[in-house]
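Chain lettering (A, B, C, D, E, F, G and H) follows the sequence in which the chains are written, and residue indices restart at 1 in each chain.
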Amino acid sequence: IRKGIPEAIYGEGKGAEQIVKIAQKMSESGHPILVTRVCPQKASEILKKAPFLEYNSDARLLHSPISPPNNSDKKVITVPVITAGTSDIPVAEEAAITLELNGIRAKRIFDCGVAGIHRLFDHIDVIQKAPVIIVVAGMDGVLPGLIAGIAPCPVIGVPTSIGYGANFKGVAPLLTMLNTCSQGLCVVNIDNGFGAACVAALICSRIKEFNP
Amino acid sequence: IRKGIPEAIYGEGKGAEQIVKIAQKMSESGHPILVTRVCPQKASEILKKAPFLEYNSDARLLHSPISPPNNSDKKVITVPVITAGTSDIPVAEEAAITLELNGIRAKRIFDCGVAGIHRLFDHIDVIQKAPVIIVVAGMDGVLPGLIAGIAPCPVIGVPTSIGYGANFKGVAPLLTMLNTCSQGLCVVNIDNGFGAACVAALICSRIKEFNP
Amino acid sequence: IRKGIPEAIYGEGKGAEQIVKIAQKMSESGHPILVTRVCPQKASEILKKAPFLEYNSDARLLHSPISPPNNSDKKVITVPVITAGTSDIPVAEEAAITLELNGIRAKRIFDCGVAGIHRLFDHIDVIQKAPVIIVVAGMDGVLPGLIAGIAPCPVIGVPTSIGYGANFKGVAPLLTMLNTCSQGLCVVNIDNGFGAACVAALICSRIKEFNP
Amino acid sequence: IRKGIPEAIYGEGKGAEQIVKIAQKMSESGHPILVTRVCPQKASEILKKAPFLEYNSDARLLHSPISPPNNSDKKVITVPVITAGTSDIPVAEEAAITLELNGIRAKRIFDCGVAGIHRLFDHIDVIQKAPVIIVVAGMDGVLPGLIAGIAPCPVIGVPTSIGYGANFKGVAPLLTMLNTCSQGLCVVNIDNGFGAACVAALICSRIKEFNP
Amino acid sequence: IRKGIPEAIYGEGKGAEQIVKIAQKMSESGHPILVTRVCPQKASEILKKAPFLEYNSDARLLHSPISPPNNSDKKVITVPVITAGTSDIPVAEEAAITLELNGIRAKRIFDCGVAGIHRLFDHIDVIQKAPVIIVVAGMDGVLPGLIAGIAPCPVIGVPTSIGYGANFKGVAPLLTMLNTCSQGLCVVNIDNGFGAACVAALICSRIKEFNP
Amino acid sequence: IRKGIPEAIYGEGKGAEQIVKIAQKMSESGHPILVTRVCPQKASEILKKAPFLEYNSDARLLHSPISPPNNSDKKVITVPVITAGTSDIPVAEEAAITLELNGIRAKRIFDCGVAGIHRLFDHIDVIQKAPVIIVVAGMDGVLPGLIAGIAPCPVIGVPTSIGYGANFKGVAPLLTMLNTCSQGLCVVNIDNGFGAACVAALICSRIKEFNP
Amino acid sequence: IRKGIPEAIYGEGKGAEQIVKIAQKMSESGHPILVTRVCPQKASEILKKAPFLEYNSDARLLHSPISPPNNSDKKVITVPVITAGTSDIPVAEEAAITLELNGIRAKRIFDCGVAGIHRLFDHIDVIQKAPVIIVVAGMDGVLPGLIAGIAPCPVIGVPTSIGYGANFKGVAPLLTMLNTCSQGLCVVNIDNGFGAACVAALICSRIKEFNP
Amino acid sequence: IRKGIPEAIYGEGKGAEQIVKIAQKMSESGHPILVTRVCPQKASEILKKAPFLEYNSDARLLHSPISPPNNSDKKVITVPVITAGTSDIPVAEEAAITLELNGIRAKRIFDCGVAGIHRLFDHIDVIQKAPVIIVVAGMDGVLPGLIAGIAPCPVIGVPTSIGYGANFKGVAPLLTMLNTCSQGLCVVNIDNGFGAACVAALICSRIKEFNP
């Protein structure tokens, strides 16, 4: 555990056995475990030998059980995870579960793009009070900029590879976010829900622990 | 004059003399004249020999005098030309003057991006009643999609080369517009205010003349 | 229904169940339904639970039944949908059916590129009288510009991903269309027949309803 | 003032007069003023008519006078602004002054790349205690990822256009930062020191004001 | 002289003195001389010391005097050099003069794009009888494909860097030509009139000399 | 048959039935038939209903039977088709068979790249006497430029998509060929053996038929 | 055998039979054999007919048996092959086995990126004494530059296609390495472990044999 | 001095004063000094205050005086620096002088591309005996691969930004070199003569000092 947030294993280029080995070692030392980008088939192979893990197929994550935050705990912080479309949900779930593994409550607000913008307005209160917001969007990627335009907190934009044609697998929304005129928007790699959650978790940890 | 809208001369690659010659020939045949992308210096050279032209330095256009539309004429159509920022105005002026040369009234509504979105709301009525809207935007290029999301008419997006870094001289807003989730948005080349006005003028001419 | 044209569901990133749910909700409220980019397998799953829909496998569209326009209805407008090659037909069908769902008659004129340009000349009359034309082309994408050069109405170019090598999945025809020297051509995203039809439908609705 | 941080004017596309007008209006309402990307010549023109502004030629910023933070004020937060090379300093200064205008102390640590990495180690304490760090780097852009690898706080990477050949005016360091394996790094547009400071200022404001 | 066509000197990266030296050496050996891409200023410097050369400022070429082809010589072949616009003329002149230096007659047919296509029809006879045609075009670059569609000989397309926005300095017309559906079109580098003329000259030399 | 060379059908985007229909119509009119880019499975479906066709699986071509050129016919021209590697053979075969369908003899000289350059020297005589040469190369694509450097005839370069990494599916060899310093090299689209053969066939037909 | 290092066969574009034939011919002449990029299935087909070869499935290499270097042989040189992640191992194995076929000892040091950098420090001695180092890295590709910053020998960077989103299949780490500020780093193509080993082997052969 | 080769200062982004200061400090400590990418004007400013430096305007380098290698010193190694054209000489000079500052003799062999390949053959002996070769080439960048195909030592390719059109400021030759089929070629950044010389100097130092 560097930096106070759990280390993660990048699952894409690794065999089931390799992952089991690393997970077992980490498990022995009592650390929470997170493996990203694991397809269902590889996951079920791993689970046989590493039953102390759970699999979330939406997020393609293998992870240690998540203990629900103690609701009376005043120190539990809630971070909204918002998506433009329903196709962006897997990336949003990767972010949400990474937050939860870091002891942060994730408030899921999904499908708030052009056709569902009213859903966003139902949660205007959550947006006003958030310490940081994660916004996940593909296609034209305009939602993070819109939310950054109204929220009094930093926004982390996650472009997704959802789209076709001149979308170029997420390059279009990535560029939209980088060129935003809104203040307070920063960006992580295309489809990198995990990375967005790490930034958000560090902001939350600074909010709790920082003494000027 | 093909297609009912005036022919235009692309001024960038041509010398002053060349342009004077073409303009004189067109002038003799009584056609309205439009020369695009003429820098001030070249324009003043041309004006000496072609005093029947006027120069608009904002739009970098040389053109025949524009006769103000007869206000009592019921058939005069008004097309809103909207920009996100003040830096987008030259491209918008190119569009507006091209409209006016086609006998269409241009309603200029400038600087309505993220920081000036309230200016847009002052004109919501114009947007609701327009036959077609031209929206000019650089940086992240989100404004055309937003307006297409609320207007009951087609919107023509004009990306501009205003921006820096990962803007790539207008590629970012071009991609944003091509990937829009809003219905009714189409796009022309970066900085092509003239082209947008031609599409709008043809829509207006169809509105006036079409018989199913 | 924003803007007078039916809302569409982007089918690519959604599961069959998700789509069924949304379709049922829309169906209850009496709205016409359109789901884009649905592969045959997903479509047949959906049709079992949403028998009120029809599937067009060419266009990869699920949609409400289309009532044939009343031929005596003078107000029915006809929009030509032209393709350069036969490989472009799926995208053209997406456009044509979207038009029909909006109460517009689609006139299909297919395979009119370099090797079939004579087919175009058979329909010169349709082109001269159209309120707007949709032209679908891959490879070098020159057809929309050619038609815009002769038609007295706006043309909406739809680049397709048909081609190979330096075609870059539709980027080549997209650039050709954006750089056209013809007046009156605007463009939508690669393979976006649906989007082109939305612009066309809004032009038709303005033709019918606009009062200056 | 949306969001608690001062509005900024993007100076690049605007004339001196335009900027004077906007600045005067903002000045009357008592808001702090920030104009980005103003070249020296334009700045001196503006200063004649807007003597209430100051110009920082390194950062190419025009701004209201900065009141030095009251050192006894326990609430003043310090944010490190680190650069890899000396050529990155203008972008870093843009960030630093934007921070200062927001009442935050900027700790400048410059020229800490490959050849000056020892300078970084002199400030390891500052890095350990920071609420957030801004790291500015061109060329290969590796420094932000290295710092994110050791700092227990979020890091905002600012790629710069410093470099040549396959650097592509900042694209290379932008990609390096987006692909980082370090946790806690997010990115803004190439050369966008202002944007990085806005994100940092919002993090600081959340640290001060957030109540879970 | 490799290959039977004169060697050329690429002038762009060379000083006046360097070019003079090479030209003098070639001159002594009696070879025709061609220096490409020489700006007027450098040319006049060179001409002082190499008065046996001539300068064509349109084509930016320095070259040995061209002896007009003996009109009674039946063996003189004529190659049409066609441009889409007037801005493409410099590149076309580079091709035409290179042809002439190779003893080929160049038939210049300029400005035959969308707005001047009638000029092309005046020369349909020349096109039908040509051994090979050079077609120079910027913007959307459609003209070479159109001519290849009607000419019974090979066509060499030369994309030019004329255009703006999504033209990308000639990439758009280059892609259009590479993706043509017409048979018999091949392509050289953007703005490479010299290279096109070399291919054409070799075709002409094969026509004259080839014995199966 | 436009232009004296047989029309071809682009097979990639068409169903077996579609192709059968077009082929039968062409067959009735006595024209030679060529269908490009047909995978083996589709080919065998087509052959059942169009037994007058033959399939070449290397070249992925369906075509009319090729009558071997009458060897005593002095007018039969031979065109060398050269490849850099063995992986480039399918594209070279597409070119060779297209030549043969046009009554031209194809001389196949394969695998002459860096490691097999000696094979090239065995055929130096063929190269010296050719009317035109087709050179097919992937990877770095240097072979066409080398051959153009020694051959006294035009060379048509065909980049292939063979390669990996920074090859970008043929873009690397395409650029190499476009930037050649050799005189007499022109280029067609990546993997477009058919297109190269069309240019070569037209050169051969001009050699036979041209009268200045 | 050109150049003193064994010739290799690029396996990707070749059939099993083709490879068998070439291997048999090389085997007869007593040369060591190396076939790159052979998938397991093709390998087992080949092994049936060419039992004198061995297959390494990690490296996707078919090769002659490797005789372990005589440990008492003072002239055996050791080259470190280092990877940033475990997913980079296949490319590293391609390099290592190529080295071994050239009589060089490969010292494998894997998984030394951001999360495993301590593993690197265990081998600092090997790095200090190496004649040349091969460093294989995907994602952000920073490791080769870091090692070049501390090693007193040349470093060959091999970018891999491991990554996602704005990684662009290895372009991101390729650019990082090309833009390094470290002295002594050169680069080969993405995933080209074989090429890196060839450069390293030539350096080793110069170390052994060079006489100034 | 890390790594045994002199530290260099990247001059492009630095003011004259900054450079003077750094140079004076390095000078005091007795280190050889090298400042890259210094334009003549800045150089003359610097030389006034740092007279212990010399300026090479071809290479745009400021450097400590170079002591000519003692010719009787058997340990002086000679490295060939070869260019394809004369326009590539500045980059080659940057490499040559960097070599000389490292005590290595640079053998300049310039202008050996397509039109001057005979010059290369005059030096075949030098190539056969070199410890490493630096080859500098723009346009199509084929020369490094050709030399790597015949030299029994590593070759370092330096792509230059010489070229036009689809050269993309050196991207074309960079890709050619990365995709080479020759063994033993590695690459540095476009125009990076300095970087190539550093790799070569380290190879030479290993040749002198390495003990297996």
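We take it that a contact is a pair of C-beta atoms (placed from the backbone, for glycine too) under 8 Å apart; a residue touches a chain by one contact, two chains touch by 3 or more.
Here the structure is a predicted model, which is why all the values come from computation and not from measurement.
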Going by the touch criterion at the top, tell me which pair is linked by more C-beta contacts: B-D or E-F.
E-F
Work out which of E-F, D-G or B-D repeats the contact pattern of E-H, with more than half of the residue-numbered contact pairs in common.
B-D
With centres defined as the mean C-alpha position, give me the chain A-chain B separation in Å.
42
Would you kindly tell me how far, in whole Å, the mean C-alpha position of chain F lies from that of chain B?
47
Chain F-chain G separation of Cα centroids, rounded to whole Å
36
Among chain D residues, those touching two or more other chains are 2, 10, 85, 115, 149, 165-167, 171, 174, 178-181, 189-190
Going by the contact rule set out above, which residues of chain A touch chain B in the complex?
84-85, 113-115, 117, 139-142, 145-146, 149, 163, 165-168, 171-173, 175-182
Name, in rising order, each residue of chain E that touches chain B in their complex.
85-88, 115, 162, 164-167
Chain E touches which residues of chain F in the complex?
2-5, 8, 10, 74-78, 131-132, 149-154, 156, 174, 178-181, 183-190, 195-196, 198-199, 202-203, 205-207, 210, 212
Within their complex, chain A touches chain G through residues 2, 7, 10, 12-14, 18, 37, 159, 161, 169-171, 174, 189-192
